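Mind looking over this structure? Questions follow.
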Amino acid sequence: MPNRKKIGLPPGSMIFTGRRKMEDTHLKLVRYNENIYEVERVTNVSPAVDLQPDVVTWLDVRGLHDVKLIEEIGRFFHVHPLVLEDIVDTSQRPKFEEYDDGLFLIVRALEFDDKEMEIKTEQVGIFVGKDFVLSFQERAEDLFAPIEQRLANSSGKIRRRRGDYLAYALIDTVVDNYLVTLEKIEKEVDVLEEVIMDRPEANTKGRIHELRLATLALRKAVHPLREAINRFADSDHEVKSEDTDVFLRDLYDHTIQVMDMIETYRDMINGLYDLYLSEISFKMNNVMQTLTVMSTIFIPLSFLAGVYGMNFDNMPELHSRDGYYVLWAVMLGIAGILLLYFWRKNWL
Amino acid sequence: MPNRKKIGLPPGSMIFTGRRKMEDTHLKLVRYNENIYEVERVTNVSPAVDLQPDVVTWLDVRGLHDVKLIEEIGRFFHVHPLVLEDIVDTSQRPKFEEYDDGLFLIVRALEFDDKEMEIKTEQVGIFVGKDFVLSFQERAEDLFAPIEQRLANSSGKIRRRRGDYLAYALIDTVVDNYLVTLEKIEKEVDVLEEVIMDRPEANTKGRIHELRLATLALRKAVHPLREAINRFADSDHEVKSEDTDVFLRDLYDHTIQVMDMIETYRDMINGLYDLYLSEISFKMNNVMQTLTVMSTIFIPLSFLAGVYGMNFDNMPELHSRDGYYVLWAVMLGIAGILLLYFWRKNWL
Amino acid sequence: MPNRKKIGLPPGSMIFTGRRKMEDTHLKLVRYNENIYEVERVTNVSPAVDLQPDVVTWLDVRGLHDVKLIEEIGRFFHVHPLVLEDIVDTSQRPKFEEYDDGLFLIVRALEFDDKEMEIKTEQVGIFVGKDFVLSFQERAEDLFAPIEQRLANSSGKIRRRRGDYLAYALIDTVVDNYLVTLEKIEKEVDVLEEVIMDRPEANTKGRIHELRLATLALRKAVHPLREAINRFADSDHEVKSEDTDVFLRDLYDHTIQVMDMIETYRDMINGLYDLYLSEISFKMNNVMQTLTVMSTIFIPLSFLAGVYGMNFDNMPELHSRDGYYVLWAVMLGIAGILLLYFWRKNWL
Amino acid sequence: MPNRKKIGLPPGSMIFTGRRKMEDTHLKLVRYNENIYEVERVTNVSPAVDLQPDVVTWLDVRGLHDVKLIEEIGRFFHVHPLVLEDIVDTSQRPKFEEYDDGLFLIVRALEFDDKEMEIKTEQVGIFVGKDFVLSFQERAEDLFAPIEQRLANSSGKIRRRRGDYLAYALIDTVVDNYLVTLEKIEKEVDVLEEVIMDRPEANTKGRIHELRLATLALRKAVHPLREAINRFADSDHEVKSEDTDVFLRDLYDHTIQVMDMIETYRDMINGLYDLYLSEISFKMNNVMQTLTVMSTIFIPLSFLAGVYGMNFDNMPELHSRDGYYVLWAVMLGIAGILLLYFWRKNWL
Amino acid sequence: MPNRKKIGLPPGSMIFTGRRKMEDTHLKLVRYNENIYEVERVTNVSPAVDLQPDVVTWLDVRGLHDVKLIEEIGRFFHVHPLVLEDIVDTSQRPKFEEYDDGLFLIVRALEFDDKEMEIKTEQVGIFVGKDFVLSFQERAEDLFAPIEQRLANSSGKIRRRRGDYLAYALIDTVVDNYLVTLEKIEKEVDVLEEVIMDRPEANTKGRIHELRLATLALRKAVHPLREAINRFADSDHEVKSEDTDVFLRDLYDHTIQVMDMIETYRDMINGLYDLYLSEISFKMNNVMQTLTVMSTIFIPLSFLAGVYGMNFDNMPELHSRDGYYVLWAVMLGIAGILLLYFWRKNWL
């Protein structure tokens, strides 16, 4: 949805353009390095945060409607106003931007509501600064729980690495989640396929249409991500270490794989339309054949019955002794010939 | 619409090719820097304008039919004849051109008339000179009012910057306005979707068609803008300061976002056609099934009634005491068998 | 149309492959510079032409069937045999080629015959040599009359410039003429749109088809021109002055605009097909609904009438006093119920 | 057709994968330079061939099933095994390859069988060595007869040039032959168009389908040729002289022209489908209108006739004196009203 | 199928994501150079393998579910964890990756199950180290048997070359196998074409749909391979010798040929849909014509019969002596006129 709240405003104006998806804004402060790991729920940044060069400070913000608070956070971490503007404007495409003080990424988390056949997207903003990472989400749902667990368990190399790796891990989680969405869509495609082949219903075409809209939304959310990750990988900003490159390349491969799948599903859904239309056409043809065979056989017979139902004084056939039986023979003969004709035309 | 008024004329010939959309030509002279801000309505350029190196002079021209006046303005500001030709030829695609004395941009402002389902476009020409900006519009409508307000309020950095930033702000306003248009189109798409699913009417297909034409017009107007803004951002002309680049990149991103949306809407509108056709096919199939079931059941029954309405002298059944009741039984039996048959074929 | 007259012949073989579109070959010799302007109709080149370094000599040749004469012209002006071959082979795509002695361009002039809904193309060959320009057309029609007038009136800068500018002006005239063709096509599209919405006729689909073929022909003729003009603009051949570049860039912009329009018209014409098919489907659905409603209501009624037209001896209803009226009541009741049913299904 | 005979074999294995299209293998040895021209039919290479630096030796091989003979030829001329493998594997795409000892080209000669509506392709392999050219064809047909004639007549520059020019001339002949194929396809398209507009028959859709398959085959054969010729032109191998470049560029232009045409024909054939479907839809609509008008008018009339054919004892209308005439009047009135209704709906 | 087992796990986590396709894991150890050739079935790597600089050691692993064993193999050969992760995650796209210790390739072997009309893919991972090659397959089927035979027979140059050539040979075998799949698909397309032309059945559209899905799956598996092979060919890693390049270029050509074919089949299958729909439309039109002709001829006749079956007291025609015969004449006349009308409309 385009946002019209902002027309003509100067760039850098912070206007929250989404729907408020949670009551308060939750702030969670995570501080870690190879040796320490602390989690703290905070309500404001200034007193709680104490940036140290050897510790990665991750501030996880959920809920973007409180523009003032986000402005404060921005001021505290010296984040560029254009970044803040983008964070609260929840209609952004995925992108990557370099600023003097850090790297800024927008990705879109996806969810497929298979009842409403709708893609729900949530904007995730990630800012990687010198010793900190800020992440911004619209909802309270725990998208990044696996990351926290990995940090807590110190599993993998995550705690030995810096903020850029954390940013990679966050985006990787989002992209991994795409696969769940794709899986659901694939299931829907399979279900629809069977429904069409078996017995197309009144709402089948609507469901195909909604599925198509869902893949359109999906593509819109994922397509620019490829370029964003590519530019992230190519960046030589000081907050990014070279060690992260191999993982970003891997992430880039995943994104391309997701794009591939979306394109495949699009083709499959277009195929569903063709299948639906040919199914309906085939059925209609069958219906028409039934009607035609039935009508064509009985129309001449009924006509004959009508003729001999006429009340003309002078109709010799009526008075013939076997007229009635002869007529039956004639009618059966006509019916037989027509049946043969239709049988040879494969209409039966 | 191509303009045939100009075939074979030498380049630089100023011919107004649009329809006159207002009575007179309005000139508004705005002069500002960080300290001063003056607005003045003028009728001619020469006496009123006094270019000063530290003041940005913005001449806002509305109404392009008075070719002579525009020629005068061009002469006063030393604008290249090819620029003037383009300004009054209102069928130009968006473009960016560098001249020795300044930068010239054409963008197209859009409006979606949702009654007529039509995109109305207006050509906006912007020339950025050393200490001045010229803007040319076809209509009197106050497209740039927010900019004037920002200038008046001195909000944002706009008054601290030079003419190239003003040009950026003007184009940004135009692009922001695209979002309003897109919002309207999205609303129309949603409405049509519901209409098709619910009850397609005689004019539904016409409205889909008009919506498609509207997106075609939209695409034609927006597509070349991307390249134009890109070249604006890449330009190293003396009238452009490097500070403006970050904003132009932002604008470029917006334009790509608009393009993305247009492509998505195009796909959605194509989807509407498919939906419409499958809806109609599905409905027709239902109609045919109804007809076929009804006809097929009654055709043999009517035939039998016809047979026993014949006037043959010798028809023993007619004189049987229970013949009439037997026939009813037979007819009900036939109807029952056919109903069963259709029920099993899912035609009921 | 491909030309099969030439298979296996050595390159440089001059074979006229078009249809002869005029009786004789007309040669017109124009010589001009800032001070002089002479026009002369000639029948042969050798005696008439006297190339002078300060005068642009323009030989305008109309009619290409006289291969010998064209060979003579070629010899006189030292034109490469491959150029001559291309000039008389009227099935060339637009192209630009550099030779040691000059530049060679092929463009295709277009005309839209709106009765036959057909694009007619004519090959125009232009060779720019050191002090001369040769132009070759198939027909006698005065495509270049506006140029001659500009030369005669000395309007614009045309007489102050050299042959490369003349070549530009000739091509510009051809491209300007495309707009007339496009205007006609746009008009046809509009007419067809209305016809389809209002009352599709038997030949409507044929006209859409022809219009589509016309845009295909148009695209084929214009598409390669873009590249040709681009290469003309990029050329640094000695016969081309740098001053012409800005005009060629302008011309390039025009060509892209024409391409844009053709693509838009193609999309519009594809839209016409969709509109046509959905119109026909919608109409057919209406027709079928009418038939179905009418049939379905009367089929059971006619059956009942048939039943009571039977001649069984023992049919008690027939002898009931009010049987006839009761039956009418039953029949009206059935009709009423069915009407209600169809009304609720929106089939009425 | 892919060839499965070769799976897992080492590269360089010579397996003839085509169908044998002629009895024996024909070898024709042509030796020429500006002064001499000798043609000789040979059965084996070793004794007959005597390579001389100033003479171009062209060995034309027809029939590829005799793998041994071709291996011998390869050994004699020091041709790389991969080249020999490709020559006898007749399912290759057009390609260009450089080897130390020469250049290798594969092109596909085409023939359109307009009875079966099928493209028949034949693989032509050409190897250009230092003083010789080898050409390999599958069939005995004289595709290269015009070249031999040009050599014999010494027309054009062909005998003054070396083997690379001969290779160019051979490929040029193949490409020129494409135009014959395209001409035939264009004719078929025109015929089909008329058939569809006039009277679509049962096999019309099959012919459109076959024509589409033919253009697919065509495209597959021609598409890679463009790249091959481009690389031939760009090659700086010692067996290629720079003089040939201008001719190869010309050939490249021809190939692009052929590609253009194929794309245009594809669009035209897709257009035929649309035309066919809309023709059928339009006809069906007409058919249904006829049925509906006829049925709708007579259904109520027949019902009324049925009503007054009933045998109720008490039907006062039957005994009215003018009942019959009144009924006729009523029936004509109903018919008239319905006719008016249909006429205003444009169904008549 | 996307795999959701891995969301949020750290990179390098080895999770087998496929279905287990065989009981145990088979390890086959092949060691060869120009002089020696040994094959050995092993159950574990450590004791059996003894890498020697002059011998190529090829470990062929079948069955990927035993993650531990594969981890052990990885450790033994110093394979990067990301490689091991990819090997057991069987949903990878084809790709090529360079690591410090070797080259890693993923290709997908294909099989077309023509009963279920389904493409079955199997992931094949190949790692080329300094003196060894590891290959990983999901199933026990002997895809690489021809390679072993060539090694055993010492046919071709395979034993004289190093591991990179073996990797090439393995991939080449996989790509050669694609041709078998394509051949089967082509056969299916041909069969379906005939079925549609001859007598489209209820499941025809479903088979077209499945065939389309198969080409989608095919494309997804083959498309990225092109890039992978290209990067393999371009790699200058120490384990790759330059001699292999010419073979990789050949392989690259084959892959493009396969891609070409897939695209052609896709177009053909889309063509099948069009053919199917036009066939159904044509048939339906025929059916409707039959019904319409039959109905239209008999409807007025039956009406007339109905009229003269009425029981009005006063119907003079009934008492006319020749009334019956006159009516027959009138009815035949009407039938004749209608037949003529339909015959001229080509509806018969």
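Order of writing sets the labels: A, B, C, D and E. Residues in every chain begin at 1.
Here is the rule we use: a residue touches a chain if its C-beta (ideal position, glycine included) is under 8 Å from a C-beta of that chain, and two chains touch if they have at least 3 such contacts.
Quick caveat: nothing in here was measured; it's all calculated off a predicted structure.
**Student:** Which is it for copies subunit D and subunit E: same residues on both faces, with over half shared, or different residues?
**Tutor:** different
**Student:** Could you work out the angle of the rotation that brings the CA atoms of subunit A onto the matching CA atoms of subunit E, rounded to the nearest 5 degrees?
**Tutor:** So the angle, rounded to a multiple of 5, is 70 degrees.
**Student:** Indicate the whole-number Å distance between the mean C-alpha point of subunit B and the mean C-alpha point of subunit D.
**Tutor:** Centres of subunit B and subunit D (C-alpha means) sit 41 Å apart.
**Student:** Could you tell me the distance, in whole angstrom, between the mean C-alpha positions of subunit C and subunit D?
**Tutor:** Distance between chain centres, rounded to whole Å: 26 Å.
**Student:** At least two other chains touched by the same residue of subunit B: list those residues.
**Tutor:** 277, 281, 284, 288, 291, 295, 302, 306, 309-311, 315, in rising order.
**Student:** Which of line, ring, star, complete and other names the graph you get from chains that touch?
**Tutor:** Looks like a ring, each chain touching just two neighbours.
**Student:** Circling the ring from subunit C via subunit D, which chains come up in turn?
**Tutor:** C, D, E, A, B
**Student:** Which of the residues in subunit E come into contact with subunit D in the complex?
**Tutor:** 145-147, 149-150, 155-158, 169, 172-173, 176-177, 179-180, 182-183, 186, 193, 197, 246-247, 250, 253, 256-257, 260-261, 264, 267-268, 271, 274-275, 277-279, 281-282, 284-285, 288-289, 291-292, 295-296, 299-300, 302-303, 306-307, 309-315, 346-347
**Student:** Quick check on the complex: what are the subunit E residues that touch subunit A?
**Tutor:** 1-4, 6-13, 82, 93, 95, 199-200, 202, 205-206, 208-209, 212-213, 216, 220, 223-224, 273, 276-277, 280-281, 283-284, 287-288, 290-291, 294-295, 298, 301-302, 305-306, 308-311, 315, 317-319, 321-324, 327
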